[in-house]
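Two complexes, one shared chain (subunit A), two partners (subunit B, subunit C).
And now, the complex of A and B:
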């Protein structure tokens, strides 16, 4: 008979890569590139990356991808129902995969009413390996960038992509 | 055949937890996450930090106490912009949220973290403590 000791310290056995500095051509089905990686989390793992594409090795690990962008525009105030939908894209299968995200502009009631979906603001997908990129699936309104330009003020946030390995 | 010994204390060593603001503790104007379940986490009541001997990952989602207009940013003070979250109430005011908006969730990593409102514009400054929560994972 085997027992697990009461009070045994338990941690998640995982690694985490954090990416930022997002950019994209603003049009439907365009890839989003995260140019920089934050290694200060001290949990990163080696991952092949080329432009917008992440290649996850098939080695028995499970990977969880999650990413969000910023709906950035230059018109203020916004008076329309504006949104952007992102989704992970399987390069090999040429298909969208996982849970879509829907990010609205400042007119917040659009988030639950437009884009044919009601969704999280983060695109998510779990996989055992393969090559993937985040894509700007559909957009509406005044979107001019998928990340906040530097020096834009204290109220804003930035786009990010997290890739977990379990 | 193997068995896992049943123990009431095993619940305290799970690597997951959800912290709440149920205790009403504040550091200055900041309500803090003062209620959690796992034994490996502690609260530093002098500075509001959740602390552990190990590193842990947090995802905080704050709920604003206003539903008319405004914009707020949350996160760990001093963290990079891509680690922070931006939250708006549902609003039909065309100016709500300004000219850009990202995810609601802020995240952080380390052995001491204080998730908080970082900046609030045009809404009440206190979060809804019944709805605000922080997911914690010990890595």
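And now, the complex of A and C:
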């Protein structure tokens, strides 16, 4: 017989994959490819990936997907009040899924001046498995890339896709 | 004899849902309507039309609201906050665009020993006229 006087020590059972180097054809409904993975923090897990598509095995795990892009345009310092919308896309169901993101160009005050939407910059989705990709659902204005070009300096933000496995 | 070597992995349960508030103009103290068909719910939470009931467990909760501001970012904005049994939490959020000092999502950590607690998303400030955009608005709950 085993006696346990109090609660056993527990640790969170989760892993995280982080992807970067985002690129896309700049048009509505185009997939976004994250070409590289950061495994330096030793909490990643093996995941099948082909181009823009992530295949999450249906094996009892729960996955949480979140991703952001950069609204990169080459017209700086011209301020343009434009935006891009991203959303996760279910390849099997041919449908957008989850919570959309809205990324504005220029300063924070630019958000909502075109397209009327003020929202979080991260697209979110939760699932028990399947094949998904992030898509550039809607674009407007001067968007030329979805990530900061390499060599642009440390002060710029960068695009990331995070896949949590619980 | 049984030995327990180290900590036991504790699986994280997930709830993610959209709001269901429609396009009605927001007012102070409004409680945001929720989509009772979640994107995913592996927790045992009960989802009602404007609240979520949680049982014992440890939770990290965040909620974000996207709004339509009719292209007027200076005048049209909201502030919002999670409430637990009607009590506002300590990390409110804002969509305000002019001299913004807030964050986009409201967050709280919650530990429930026994019984239940009720979670809501409440409008705490309103500037001008705006409404929720449900496709950009969520409640996320992680449970261990």
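Just so we're on the same page, the second predicted complex is superposed on the first by the 144 of 166 C-alpha atoms of A that agree within 3 Å, B and C clash if a C-alpha of one lies under 4 Å from a C-alpha of the other, contacts with A are read in each partner's own complex, and residues count from 1 in each chain.
The rule is simple: a contact is a pair of C-beta atoms (placed from the backbone, for glycine too) under 8 Å apart; a residue touches a chain by one contact, two chains touch by 3 or more.
The structure presented is a predicted model; accordingly, all values stated were derived computationally and were not measured.
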Partner chain(s) touched by A:73 [first = subunit B, second = subunit C, both, neither]: first
Subunit B versus subunit C as contact partner of A:97, first or second or both or neither: second
Touched partner set for A:148, first subunit B, second subunit C, both or neither: first
Partner chain(s) touched by A:12 [first = subunit B, second = subunit C, both, neither]: both
Subunit B versus subunit C as contact partner of A:157, first or second or both or neither: first
First (subunit B), second (subunit C), both or neither touched by A:42: first
Which superposed partner A:64 touches (first subunit B, second subunit C, both, neither): second
If touched residues of subunit A are counted for subunit B and for subunit C, the larger one: B
Overlap of subunit C and subunit B interfaces on subunit A (superposed complexes): 2, 4, 8-12, 14, 108-109, 111-112, 121
Partner subunit C, residues of subunit A touching it in the complex: 2, 4, 8-14, 62, 64, 97-102, 108-121, 124-128, 166
Residues of subunit A touching subunit B in the complex: 1-4, 6-12, 14, 16, 18, 20, 38, 41-43, 68-79, 103-109, 111-112, 121-122, 148, 152, 154-160, 162
Residues of subunit B defined as touching subunit A within the complex: 1-5, 7, 9-10, 12-15, 39-40, 54-55, 57, 71, 73, 80-86, 88-105, 107, 109, 118-119, 121, 137-139
Subunit C residues within the subunit A interface of the complex: 1-2, 4, 6-14, 16, 18, 39-40, 42, 64-74, 76-77, 95, 97-98, 100, 104-105, 133, 135-138, 140, 142, 144
